[in-house]
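Next up, some structures in structure tokens.
You will see subunit A twice below: alongside subunit B first, and alongside subunit C after that.
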Partner chain A sequence: MNDLQDIVGSIAVGGMVLLMLVIFNGNVMESAGMQTFKTTVQGNLTTVTNVIETDFRKMGYRLPSSLDSAIVYADSNRIKFKTDIDNNGTVDTVQYYIDTIKASLTPNPRDFVLHRIQNNQGQSMMIGITRFKLQYFDASDSLLTSNPVTATGRIKSIKLSINMESTDRILDNRRGGQLGNPMNDTSYVGAYWERTIKPKNLR
Partner chain B sequence: MSGRALIIVVVGIIITTSVILHNISVSSTRITSNLNSYYSRQLGQDIAQSGVNLGLRQWANNPSWRTGFSLISMSGGKVTVTATDTTYIGKPVVMIRSVGITNYNTKDERRDTSTVWVAKDSLNPIPVKALFQTNGPTSTSGGILMDGRDHTAPPPMPPTLIDTQGVYAVWTTNTFTMGGSNAVAGTAGGVDYIPSTSQKKRAAILQTGQPSAGYPTTPDSVAGGASNGYPEGTLKNLAKSGINGSQYVTDPLTLKYPLSGVTYVELPSGVQWSPALVYGSGILIVHNNTTTAAIKNLSGDNKGNDTFTGVIIADDIVHLQGNIVGAVFELTSNPSEGVCIGNSNAQTYFSRQAVLNATRSLSGSSGGNGSAANVIGWWE
Partner chain C sequence: MILTIGAVLLFGAFLSLSNRLMIGNNQIASQNEYYIAGISLAQSIIDEGKTKAFDQKTVSASISSRSSLTSPDSMGRDGISEQAVPTIDTLTAASPYSSANKGFLSSIKFNDIDDYNLYSRVVNTQRAEGYKLKVTVGYTSETSPDSTSGTRTYAKKMIVKVTSPYFPKSSSSGGGDTLTLSYVYTY
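Let's turn to the complex of A and B:
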């Protein structure tokens, strides 16, 4: 009788220990997944901001006439400007804009395609950008409110805000609270970046 | 389940968990590394820009400075600054290049470069003998004011008088005849002569019959020629370079306003630019190889843009009607439509400051502030 009690007790305790280990292992795997997604999103974000900053800082470089504004067109989600982007003596045209159509090739329903066009040669970035907002300021740091900006020659600085999310859902909505997504849909990992850039050649 | 099996399962779970935890750790390290990389990039750029500003300040204090700085400490990193003479869009400049270095001499060393091109003050002022210099018979009508006394550059308009620093009202190789209610003023021998309608009373500031030999026939020779830093083609090349808003056109209707820098209008032989909308600043040139490019009925837009500040050089000037502050040169010895250079109620004033500003603006030393005033290009 005592032996039977020992066996039953051992099975119960062992089962509980095993269950705890399984649950613990599940949580650890979940954390690992989230961490991987965060790494990807933040890596993508710093990469895309690096590209944009590098281009924006060169805005207006080597333009022969100060009468012509370096910025050809500017609205809240599109900018087109002139610069010698590759420093070869020829002035290029660079354009950034975000599609109004969602990026259907990714599972994330909110992300857009960011386009970078250099002299009619385009590159599309489907990396989970859910917001790409441009704001323009004049020499006295006053916000230019017209959209699109009518007098682009007045633009002296540009504030750029980018929201980025993972292209894939990591958790369902019930568990999403753990992710801390700044865009409030907690089923995707998210990151936010903003910066005001003052291109030196826009004098 | 036997005890042995249970032990195997537990050990397996522990191993699996350990591997996953290791992966989490690696992922966290990557995130931190990403942050560090971003920080290093920003810091490197900041150091590079600080180095450029250091160089600009040094250059502003001493334009002959070319020694640069080698590996000086700044903001936790190092910076190397070089200064070299070169050209930028065809213009002689000093290139100041700064390399910001973070994590110097480590495996994570990163270098960021910032470069500026600084215009040299290479253009000398245009020599001026009189408010109006002409090479042919010249007359006036209407109520034009020709004030050769020195003035500040506007604003305000009319400009502020500067005592005894002015020039003649007219200097011509031929004749000058006052007409209408034309008033002239000027400075001769250190004495200012207030506006008067009497040609006889103002003979001292109306220099007629001057030697025609050597009278300039091109805009560059007006500016003093090669000996003054203006070999033939200089002003046209500056206009084509677009510096400070310079423009070169063969059709004046394509000009952009307000004018600035060098505005070079090259008209076909015998063609007039009439009426000529002129306002802004800088150097306005209307010229062709046969010295027959004419500007007629020169005035502003009657919407508050009625003044040109700087130097006007034209082959043939007919009926100047707008406000001019600076100096005017006419090259032809044979004006196309009689001799009336100005009429209406034009207000013309000599301004040494305006004449100097006309060439300084091309050197990049006017406008702006601080050490960045001469910078004409940034690369970072």
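Let's turn to the complex of A and C:
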């Protein structure tokens, strides 16, 4: 009888320990996955905003004064402007815009592709941008409401808001994937950035 | 039996410690997001300052001597227009802004950099609310911008301090951590 009690007891204790191990392993996996995604999203966000800030700050740099405005075209998700981006005496054209054409290549259904085109040479960034909103303000800080902006020469500052999410889910939502995902967290990691940029050469 | 209980307790303690470590790491990764947003908000104020005159005396004219600049003791809002900005500035729909286009009054009421001295702003973003930004402006040495100067110089330093309920607690003060950005404007 005592032997039977010992066996049943050890099976119960062993089962508890095994269950704790499985849950612990799931937590480790989920935590590691989430941290990787967060780091990636935050890294992507700071990199892309660095690139945009550098370009936007140079807007209008070394332009001949005969040009009415450095900004050629401006709407809520596209901007095209002139600047001597590489400081070589030649005026370059830089364009930023988003579209959804290639976004289906990522598992996230909400993301867009951000394009940066410099003198007809394009770069597509599929890094999980879910919102890329541009707003334009004049010298008195009034929002220019027409979309696209008709008098681009009035633009003195630009507010840019970017929402970014991971291109993949934290953990997949298939039944088999839930073993390592005890919280069943199948959401996307996100980050937000906004900035009002006042390029010196638009003042 | 005692050995088994001891082993389970030991294992439980190990799991508890590991879980705490993981939660800590996750918290740090989440807080980074709020730091990034905080930096962008502080940089927006610094950018706003870049569009202003260096000094009240240089708004519509140029100066050739430091002695013409605002006294170091008089840094801050120096006109009726600037006084209209509330002590804690928030997004407002007041004229010339509208409910569709809210803005900060500092952006249109301030005309020189030192108007931002002792200025405060509260910002809510889409993912976190309650960012508090506090600004101080003072003269600094042109050759050693890390220092502060009690006399008039051609360099003014803006220090923006950002706090958020989502920043981690500071180990030294026990309060929320503070993010500090500074920028030197020159004439």
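One rule holds for everything that comes next: the second predicted complex is superposed on the first by the 182 of 203 C-alpha atoms of A that agree within 3 Å, B and C clash if a C-alpha of one lies under 4 Å from a C-alpha of the other, contacts with A are read in each partner's own complex, and residues count from 1 in each chain.
Criterion: contacts are C-beta pairs under 8 Å (C-beta built on N, C-alpha and C of every residue); 3 or more make two chains touch, one makes a residue touch a chain.
Bear in mind that the values here come from a model prediction, so they are computed numbers and not experimental data.
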Exercise. After the match on subunit A, would you call subunit B and subunit C a fit or a clash?
Worked result: clash
For this session: Mind working out whether A:42 is in touch with subunit B, subunit C, both or neither, as first, second, both or neither?
Result: both
For this session: Applying the touch criterion given at the start, work out whether A:22 contacts subunit B, subunit C, both or neither, answering first, second, both or neither.
Result: first
For this session: Could you tell me if A:31 is touching subunit B, subunit C, both of them or neither one (first, second, both, neither)?
Result: both
Exercise. For A:58, is the partner it touches subunit B (first), subunit C (second), both, or none of the two (neither)?
Worked result: first
Exercise. In the superposed arrangement, which partner chain does A:11 touch: subunit B (first), subunit C (second), both, or neither?
Worked result: first
For this session: Using the superposition on chain A described above, determine whether A:190 touches subunit B (first), subunit C (second), both, or neither.
Result: second
Exercise. First (subunit B), second (subunit C), both or neither: which does A:133 touch?
Worked result: neither
Problem set entry | Doubly contacted residues of subunit A, that is, touched by subunit B and again by subunit C | 10, 17, 24, 28, 31, 35, 38-39, 42, 46, 200, 203
Problem set entry | Interface residues, subunit A side, partner subunit B - complex | 10-11, 14, 17-18, 21-22, 24-25, 28-29, 31-32, 35-36, 38-39, 42-43, 46, 50, 57-58, 61-67, 87, 199-201, 203
Problem set entry | Of subunit C, residues touching subunit A in the complex | 4, 8, 11-12, 15, 18-19, 22-23, 25-26, 29-30, 32-33, 36-37, 40-41, 43-44, 47-48, 50-51, 96-98, 100-101, 103, 107-108, 125-128
Exercise. Quick one: in the complex, what on subunit A touches subunit C?
Worked result: 9-10, 13, 16-17, 20, 24, 27-28, 31, 34-35, 38-39, 42, 45-46, 49, 140-143, 145, 156-157, 161, 163, 190-198, 200, 203
For this session: Enumerate the contact residues on subunit B facing subunit A in the complex.
Result: 1, 3, 6, 9-10, 13-14, 16-17, 20-21, 23-24, 27-28, 30-31, 34-35, 37-38, 41, 89, 116, 241-247, 256, 260, 368, 375, 377-380
